[in-house]
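The structures considered in this document are given below.
In the two assemblies presented below, subunit A is common to both, partnered first by subunit B and then by subunit C.
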Partner chain A sequence: MKALYRTFRELIRYRSATAGLVIIFILIGVAIYTVITIPYNEAIRLWRGGEDIWYKYPKNAQPEWVNLFTEPDLPKTIFLSTADSTVSKTTEVVSEGLTQVTLSFPLEYSYEIFPQELTVYFSARFAAKKPHVSLTWITPNNEEIEIGSFSIQSSDTYRVSQDQRLQRKFKGTPPVQGLFADPNAPQPTPLRGAYELRIVGSLFEKDNDLDAEVVLHGEVYGSAGTDHLRRDISIALQWGLPIALAFGLLAALGTTITTMVIAAVGVWFGGWVDALIQRITEVNLVLPFLPILIMVGTFYSRSIWVILGVTILLSIFGSGIKGYRAIFLQVKESPYIEAARAYGAGNRRIILGYLTPRIIPVLIPQLVNVIPTFVFLEASLAVLGLGDPVLPTWGKIIDDARANGALFRGQYYWVLEPSALLMLTGLAFALVGFALDRVFNPRLRGM
Partner chain B sequence: MPKDPLLRLENLVLHFRTAKGPVQAVDGVNFDLGYKEAVVVLGESGCGKSSLAKAILRLLPRNVQTYTGRVYLEGLELMGMPEEAFRQQVRWAKMSLVPQAAMNALNPVLKVGDQVAEPAMVHFGVKKDTALTQARKMFQHVGVPADFLDRYAFELSGGMRQRVAIAMALVTTPSLIILDEPTSALDVLTQASIFNVLKRIKQEMEVSFVLITHDIATSSELADRVAVMYAGQIVEVGDAQRFFAEPLHPYARKLMASVPRLHGDKEPEFITGQPPSLLDLPTGCRFAARCPLRFDRCVQDPPLMEKEERLVKCWLYV
Partner chain C sequence: MAEANLPLQAGSEVQVEKKARAESSTFSRVAKYTAVRVVTLFLTVVVSLYLTIMIANMGGYVDQIRKGEIRETVSLRALNDPTLKALPPEVRTERLEGLIRLEEHRLGLDEPFAARSLAFLTEALTLQLGRAENMSSDSGSRQVRLILLERLPATLVLFATANILDFSLSVFLALYLSRKYGSLLDKATIAMSPLSSAPAWFYGLFLILIFAALLGVLPFGGMVDAPPPDTPVAYILSLLKHMILPVLAWTISTIFGAVYAWRTFFLIYSSEDYVDMAKAKGLSSREIERRYILRPTLPNIITTFALTLITLWTGAPILEGVFNWPGLGRTLLQAIGLYDTPVIVGSTVIFAYLLAITVFLLDFLYALVDPRVKIGDEGRRA
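After this line comes the complex of A and B, so read on.
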């Protein structure tokens, strides 16, 4: 414990290490926060969810903070529901078999760019006779546009932006543009001001009711934007963090420690054990790593844990064995090892208590330095289409972006956000790793 | 006292294989050691003293060519014992070693208290705190302050480390301790204090010593018996007092004459030449080439024979 504290004190003398540690602690904090606030099952449900979960979100929206840098501002999403106080709902019983419900949605639109989509979600309560609704659009100029009237199911969606009849009415202009266009402007620009969407519902039974939600999808959303399935990318960015850290840490720990122990076993027992370990290592070193992983991913399982296991298995007999062996061969001849043998220490005690501790100074910086390697590996595999099919990870975001031509369509945020996080993680561990190397490696002390 | 000697070596042979041929480091050693007895093994560097210690404790390097003979400890034959049983029942339980260069014989990543406690934990399976209590007791015996238990080897002076190494050899209360040049690389005062520690241990505890050393003068205070080794063989064994009064073998005489004396006008002598290479031993008496008393029979190998209750390997005493 004291040694740990001493190492820490010595480590933070390096400013780069302090910076790296701060980043790592922040990353770990965010990871813990994510796992607590968005439990695993919830994250999976959201990420795997479809339109029913994500209908309120715009498609391929950029993060909101791009408005800080762009002019004119991109429209935000406006969401209104009959439950909101700004929305008025009046119910009028006309006769025994007819009740009229008037829903009025005030929409304050102040952007110079047209919104993406306008969608109305109805939910109605009725027994047999379907309610009938008619939608009217009132512009700031008090111009009234009949959008349409139709009967609805108990739960129904009306996508204004996809209404062909409305498009014909606007002479080919996309319906949303048609609704928001300033009639006096030479170029199609939206007219800013207070709009109103009025929905008049005719209910034909007693105790029938009608509610609606209006979503005016903008072009920006949230802190990270959304993808082609309207999903909030920030969920995958957040959940990608604990996954990346866990994968990197487990793979790094798994490989370095087993490699160290195997190297020590080989050196200690010598003879055919050593020869066998060395031959396995040499064979493994020429085996292509990535193709084997791709094969496992293609034919067996793409679960992140299987990939992690295979990664560790393939990395154990890596070049580390050769390096550790060189050190162990030297340590093995130390008098204190012979002394331990003399007092009857068993093989296990000598390997774990006497040989391996001597390599810790070399091992710790290496361990920290290989963590980002494995984080990148996981992302690379995801980009190659071998990502875990269930989990949201950084690599998966990049894969989705690539598959949907994000860069081709100028949706840079989609690729840059996960990439920036990957680089930040790599940078943090590299900063700490290099400083640790200086603290532990006596040859670098004076530098 | 039991009739058997504590340790009996019968024709113990240890040859190493090297690229240049076999090295006959220990070549037919016969030798008895009683209970509570200290034997000093004297000899020049490279005459097989340390190899003898290794052969007794079966701490063999990989390049052993021949390892034969018989070793009896408390009447128990050790050579036929399987390695695992030997490790568990003999090493440290019955005999322990203070290794050569004991300065480096301590694990740099263990506290010395834990290090001393380790053999007790390994052999008796006791809990750590019990073993530490035992270690604390041993520290008292060898004169190391108890608060040193929590220090690391690099925080200790050479003399203290040597004492710790001795404490480690004592912690399992074995009946035999082999000390392989315990005072090499220490200054004279520290050497003397280490020998005082050993003397005190010898009085206080039921333990025999095999003390391998160059230091004839200091070791004479501790020795009950003396064995002189030359070129892998024992050339003289006998009672210490008689040996120091009058060594028999010409090599032993020369060795004794090389010790400077405080009172007396005799100049220290030296032995001409070098001991023979263990790779290429001469036939006949191995000391013949350097012996001032060489005569015709020395071309034949002399037997180890009894003379005045001592054993001497020289044709002069036939």
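After this line comes the complex of A and C, so read on.
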């Protein structure tokens, strides 16, 4: 305990190590917070969810903070529902078989850039006769544009951008632009001001009802933006953290400790055991690590925990074994080991109790140093398309972004956010490992 | 005069003779060392391929590949057989099944797994990798071996360039920094060494973002312009232009770690007594570096380089994927996408070979620079 405290004192003398430790503690804190606020199953449900969960979100929207740097501002998403107080709903019974419902959605639009999409989600209650709706768009100039009229199902979606008829009406301009365009401007620019979408529904039965939600998809959303499936990237960014930390820590612990024990066993027993371990290490060196992981991923299971297990298995006889062996060979000759043998200590006791503790100064920096490697390995596998099929991870965001040509289309946030987090995590551990190396190996200190 | 000259001449003759003997024995020692390494590495490759086959076959995939292949060849042969064509369909399929069973028996697919796995091993060793399920080579062949060998040059040209550049650059930089020990540049390089914890493809993303997407000066990926230039000079220039970013990504991800480690080596060795002695003799610093610092550290450097190179092969497929480089790695990625098992297993085999060749080449270099190998056992004892 005292030794641990002393190490810590010495460690924080390095400014880089202090910075690294602070980052690691913050990351761990955020990871715990994430796991508590968004439970595992909820995260999977959200990330695997489709249009039904994410319909309110714009597609490929940049994070909201880009508006701090860009001029003009990118439009935010506006969401209106008949349940809102700003939306007015009037019902008028015209005759026995006809009720008219008028829904009026006021939309205040104050951006210089066109929105992404205008979508109306209808939900109607009826028995046999489908209700009929007609949509009217009222611009700030009090110009009325007939969007269209049609019958609807009990739950129906109308997307303005996919309305071919409306596009013909606007002489080929995309319909969303057509609705918002300033008629007097030479260039297509949106007219700012108060718009209104009026929906008049004709219901043909008694006790029928009509409700609607209007989503004006903007170009920015939330703290992290959204991807091509409208999913909020911040969920994957948050959940990627505990996964990356768990994968990195477990893999690093698993590989370094088993490697150390095997090196100790080899040195202690010597002879054919040692020779065998040496030969296995050589074979392992030639085993193509990633292709084998790929084979396991494609043939058996893509679960992150299976991959973790195989990673540890393949790394046990890694190149580290030679370094440990050299140290153990020295330690084996020390008098205290001889003393232990003299009083009759068993093999296991000597290996685990006396040999391996001596190597901890070398082990700890190495353990911390390999964590980034494994954090990046998880991302690498995801980029290969072998990420865990259900879990949201950083690597999977990068993979999605790459697969959808994010860099090519200028959607940089999509690649940069997970990359920055990967870099931050990797760097934090690397900084601490670097300083630990110096604390435990004073020979390096002068250099 | 003549008398006086005699012993001297005799002495120089002896020296020459000694030298010649030393040279021939050096050659034979290096050759012997190399031969021993070739044999051990070959055995290593055999074992690692066997393990690969075991892993791939646990799901029975290699069997499926082979059975599929038999079915295809037998059906093809049957299609061209006029006597079989004349038979009614039911009889024909029955006859076909019989032929397939016979062929499977001939190839030992009904034998126990232990015996079969040895057969797979010989096939993998001789690069008979079977036929691809969905993919084909640019020349139209379905042979996995041809698909992979066709892509091999692209991979080799990229990674050989990147690694040779990387090695020479980091040795040069490390030497330079060990000379300027404690300078600002030295400290900056050390501070950058944690950057080596990220793989090359990761930096590749950033480089693409900066140089291709934002600045638009270098291509997003690929190996040459489309369509490929006609003249060889233009072709090479285009190839070089496409190579800049992947090589740069590779360099960024490796150089700082290597420079840091090697600089430490150089510093340790330059505090040896014999270096002080050389300085006292008044040798030039260039001479001292070359003969007294670089020479004894070279075996160490080559060993660490070999180890990093082996781990780096791991990242190669992803780097190729990110840069759309038409090499082995991207083929492997495509094979994953298409679920083309023979190609995945075949790539693994080829990668095992590539790793072994890398290890061998570096071992050979090691033999050339390590005095212990050259001088032999007497040197080690002394």
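Just so it is clear, the second predicted complex is superposed on the first by the 444 of 447 C-alpha atoms of A that agree within 3 Å, B and C clash if a C-alpha of one lies under 4 Å from a C-alpha of the other, contacts with A are read in each partner's own complex, and residues count from 1 in each chain.
The working rule: a contact is a pair of C-beta atoms (placed from the backbone, for glycine too) under 8 Å apart; a residue touches a chain by one contact, two chains touch by 3 or more.
Small disclaimer: the values here were computed from a predicted structure and weren't measured.
Superimposing the complexes on subunit A yields a three-chain arrangement in which subunit B and subunit C fit side by side. Looking at the shared chain after the overlay, A:Leu229 reaches neither subunit B nor subunit C. Of the two partner chains placed by superposition, A:Val35 touches none, neither subunit B nor subunit C. In the superposed pair of complexes, A:Gly270 makes contact with subunit B only, with no contact to subunit C. The partner of subunit A that touches more of its residues, comparing subunit B with subunit C, is C. With both structures placed on the common chain, the touch criterion links A:Glu282 to subunit C but leaves subunit B unconnected. Between the C-alpha centres of subunit B and subunit C, as seen from that of subunit A in the superposed arrangement, lies an angle of 60 degrees, given as a multiple of 10. Of the two partner chains placed by the overlay, only subunit C lies in contact with A:Leu431; subunit B stays clear of it. Using the contact criterion defined above for the overlaid structures, shared-chain residue A:Ala19 touches neither subunit B nor subunit C, since it reaches no partner.
In the superposition on chain A, no contact is made by A:Ile44 with either subunit B or subunit C.
Think of it this way: put the two complexes on top of each other by chain A, and the tightest Cα contact between subunit B and subunit C is 12 Å. Once the two complexes are overlaid on chain A, none of the subunit A residues touched by subunit B in the first is touched by subunit C in the second.
Those residues of subunit A lying in contact with subunit B across their complex are 270, 334-336, 338-346, 349, 353-354, 357-358. Those residues of subunit A that touch subunit C in the complex are listed here as 16, 279, 282-292, 294-300, 319, 369, 372-373, 376, 379-380, 383-386, 398, 402, 407-408, 410, 412, 415-416, 419, 422-423, 426-427, 429-431, 434, 444, 447.
Chain contact summary for the complex, subunit B toward subunit A: residues 57, 59, 62, 87-88, 90-93, 96-97, 99-102, 104-110, 118-119, 122-123, 165, 168-169, 172.
Across the complex, subunit C meets subunit A through its residues 40-41, 44-45, 47-48, 51-52, 55-56, 58-59, 61, 181, 191, 193-195, 197-199, 201-202, 205-206, 208-209, 212-213, 220, 263-264, 267, 307, 310-311, 313-315, 317-318, 321-322, 332-333, 336-337, 339, 341, 344-345, 347-348, 351-352, 354-356, 359.
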